[in-house]
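Okay, got some structures for you below.
One chain, chain A, links the two complexes that follow: it is found with chain B in the first and with chain C in the second.
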Partner chain A sequence: MAKGKHKKVAYYPGCALEGTGHAYNRSTKAVGKKLGLDLVELENWNCCGAMEVKNVDPKIQTYLSARNLSIAEDMGFDTVMAPCNGCYHNLKKAEYDLAHDDKSVEVNARLSSKAGHTTYEAGKVETIHALDWIKDSVGEEGITERVKNSLKGLKVANYYGCMYTRPRHIFPEKDKGPETESTSKPHFMDDLLAAAGAENVNYPLKTACCGGAHALSDSDTSTKLVLNLLETAEACGADVIATECPTCHTGLEMHQVRAEKVLGRKTNVKVLYFTQLLGMAMGLSPNEVGVNENFSDSRSLIKEKGLA
Partner chain B sequence: MDRPEAPFADIVTFADGLSRRADAELGDFGELEALALLEYGETILCTWLEAHETVPTENKSEGFRLLALHKQAARGNPSFNACRETCRELVYHYNLIVLEPNDVDRGQRIRMAAMILKHLALFVGGKLEESGLGDFCCSSRPIRQAELLDPRQNV
Partner chain C sequence: MPIHEKSLIRPENLVEHEELVIDGVDVSGHWSTFIEGRSVPDYNEQLQEEIAAIGGGENIHRCWQCGSCTNACTVNAINPDFNPRFWIYLIRMGLEEELVRDRDIIWQCVSCNKCTYACPRDVNPEGVMKATAHWLELKGYTEMKPSMVFDEEFSLQVFNTGKIEEGKVLQKFFKRTNQPLTQPWLVHLITGLVKRFPVFYLMKLGWGAVFHPRTRDWGRARDAINEYVEERNAEIHKALNLDAKGAD
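And then the complex of A and B:
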């Protein structure tokens, strides 16, 4: 893909980035500004349907996500960027459903008409992730050119979680060759952080389940899964786990604490959003990328690596 | 290596122990032990299939029964794809251990294989206790819809 394609896109932060994932919101915006990219937030956006609505009625989730896509279209955009894996996944799923399921098309048209807004039709707006956005707009070269504090010496385990690549059929643009993202071995985050000087470790659980949505309803399973993700990262030699999903990120942070409290297993690997790492590499301060908003404290590592 | 009777807890304990062994303590870890890692993975998936009244396949996919078992378990249950890459990583590490026995990273590869096996046991074991695990995230399956369609399930 030609670089520069996504220099100005519609921005759909979603609910998590206004709450527990605010550091991701802050760092995404800060990195975009530093890279000279324009993010125009969707006006009057609504919940993508998340996991809760989808569980009750998937057609309503399709409608809710489609409404956000229709807003992007009305604002004159053909691309919307969603940094949250859950939002990204749901918008992609809505796109897929509206292209392949007549019932979804009918429900969306009926609810859109009732609500009095444009009915979104498949193919009008492309949904991309923050990783696509940076990769396609400035690429690795653009990152390298802007590095002020190299991440050299920082060992990173890149953790993508599940919703960025699964289920595969809703991501038709992936698995199209080495330049595109892989659903089995995703690498976009690895590529961008390596361009900022980081040393990526071979992390074999980069798409493994973290317990995600069960973080609170089945905490014990989530704690064990997260603990294994953390201990595996440490066994790989990682100083930090880079994340690109607010649900994963919060789960890793919360259950790192819980694992020590409940299971007596302490891990020291830090957890940071990839946008926080990229931002600090480009000279932004830890506070400018919301490090102070994370649950876990990574300030000692940041200082040690000369990023503050 | 005998198959444990209570597979999940024992496999987790086994994997935990193996993942803590230093290179010097892995000298006797050969092809048979690597094969046992795969067999433990198969045991995990067989337990899942049997718990769902399905006879585990003896077939192989891409040369490995583990991958065939995963395909079988994921059929009609897309959330099981949450452990697809875990199974594939286990096979990949098995290949590395067996095909490159003298590699300098051999010890690390064995430890990684153990941690991957542990994740598989934790995920499938967790899913046996809470079937919704992986359902409403990566498989996009509406797990509460059945309750709406059949209000009796809401009781």
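And then the complex of A and C:
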């Protein structure tokens, strides 16, 4: 683990973090400030294509993501941090496609020149997730030494979702031994929260799917998938599910309500972004990490555990 | 011998006689069950090429039918009829009529990428599912499914403005799929928020009514993307032997 990296990186929040996932945006920035890490937002960024544009045409998605990478390059950064799993995945995917697929390179070059900006070429900018960002800059020690309200006694199910680890080939830096992230059993979030005192439960559905891509267009399927995630977390004894993706987070919150209203299955497990938990552990108030912006209400748990 | 795996055979191809005596031997009940011979009158020899012409389907020819995709599949776990391996087989064999039977579930792929993760041959089954769902619509076998309506609304907004405004996508999607915006669970979600933090959310709503996210100077990118989309559509229509306007 190369500590001390990422002191100043380009920041790509993405559309969700300006909308329903604003709590993640707020808490990521607040945690960065606490840790003395600089985030410089990409100037005039655009949507990465999320999980939708690729279904219209995958090459356009590659272009959309590559445009953001070209902005980072123009701004003189060699690293861009994306907290949203969707953005992170798409930027990684664009990087992979531009390094391995001639057709993608051609389409990207054509669209970039017509749009009038730098054509991004593979290898110029590295995309990292908010988890890599904290893990490789201050690491667990950096968290531990800043803890003011330990998360001691808080049982956490760490939920990573799909886009953070799949498919494996777009994440060449993962699966390189115990110090690196694993695509089958990711542990960076577990590590960081444990450093803040949390008690991680053995959650078998870390990388299961919440149905986020069809959260609205096939909501019955999504509700089933989310309900399984929630009930399993409860069966594992978790008080809270820690998330690191705005789509998963909002999906869990929405379908927790929907499962109760439509299927009559009520679950009490709370849902918080890992940055919210880390922030509160480091002494930030719930509002400073955007707890009031979450759809679900986790104030009772926060109060009970003395995090407020 | 009775047929144990009846579930694998389509009911209309199973024939069973309640009472049947052949040459003086009573073979009533399941002793007389047999599978009707099946003939496929017309293959679509171009089927694999048609799917491969649509974005995501390019690698379908690489499949060697190991079944890792179906084994890993999120949707298969809740609906055993959702079977990517089987559909890839049908496409490669040109069995169009068989494939079309499952037209109402193929679109349900949630893009979790478990199949693509597990695939030893880089088939990208997730992409193949999306291409197949698209193919079914282009060929006129199904109406546009809700997920494609959503993808389309979402993409149109990105192409036009560079960014997404979630509320607007949601509104347009519900409108096009004839769903009311006032679904009880959605109402519960929103009223919960506003009740807890009234001032904060009223301010946020006001802000959202005035400020619309968009990328500056997006015009040239928009035109370039739209031009590319048109070009691709023409290519796909040609590969699928559709007239310029498609089946719709």
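Throughout what follows, the second predicted complex is superposed on the first by the 307 of 308 C-alpha atoms of A that agree within 3 Å, B and C clash if a C-alpha of one lies under 4 Å from a C-alpha of the other, contacts with A are read in each partner's own complex, and residues count from 1 in each chain.
Definition applied: a residue touches a chain if its C-beta (ideal position, glycine included) is under 8 Å from a C-beta of that chain, and two chains touch if they have at least 3 such contacts.
The structure presented is a predicted model; accordingly, all values stated were derived computationally and were not measured.
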Clash or fit: what happens to chain B and chain C when chain A is overlaid?
clash
Please work out whether A:F295 is in contact with chain B alone, chain C alone, both, or neither, and reply first, second, both or neither.
second
Regarding the shared-chain residue A:K93, is it in contact with chain B (first), chain C (second), both, or neither?
first
Have a look at where A:E18 lands relative to chain B and chain C in the superposition and call it first, second, both or neither.
second
Residue contacts with chain A in the superposition, chain B compared against chain C
C
Touched partner set for A:L69, first chain B, second chain C, both or neither:
neither
Would you sort A:C236 into first (chain B), second (chain C), both or neither based on which partner it touches?
first
Considering only the touch criterion stated at the top, classify A:C162 as touching first (chain B), second (chain C), both, or neither.
both
In the superposed arrangement, which partner chain does A:G211 touch: chain B (first), chain C (second), both, or neither?
both
Taking the superposition on A as described, I'd like to know which of chain B and chain C A:V107 touches: first, second, both or neither.
second
Regarding the shared-chain residue A:M51, is it in contact with chain B (first), chain C (second), both, or neither?
both
Which stretch of chain C would you flag for clashing with chain B, going by 19-27, 109-117 or 217-225?
109-117
Set intersection of chain A contacts, chain C complex versus chain B complex
51, 54-58, 162-163, 166-167, 208-209, 211-214, 217-218, 221, 224-225
Seen from chain B, its contact residues with chain A in the complex are 19, 78, 81-86, 88-89, 92-93, 108, 111-112, 115-116, 118-119, 122-123, 126, 129-130, 132-134, 136-140, 142-145, 148
Which residues of chain A touch chain C in their complex?
15-16, 18-20, 44-47, 49-60, 63-64, 67, 107, 110-111, 114-117, 162-163, 165-169, 183, 208-209, 211-214, 216-218, 221-222, 224-225, 253-254, 257-258, 260-262, 292-293, 295, 297
Show me the residue ranges of chain A that touch chain B in the complex, using the header's touch definition.
51, 54-58, 86, 89, 93, 162-163, 166-167, 170, 184-185, 202, 204-205, 207-209, 211-214, 217-218, 221, 224-225, 228-229, 231-232, 235-236, 247
Show me the residue ranges of chain C that touch chain A in the complex, using the header's touch definition.
55-56, 74-75, 78, 108, 110-114, 116-117, 122, 127, 130, 134, 145-152, 154-155, 158-159, 162-167, 170, 173, 177, 184-186, 188-189, 192-193, 196-197, 200, 213, 215-218, 220-221, 223-225, 227-229, 232
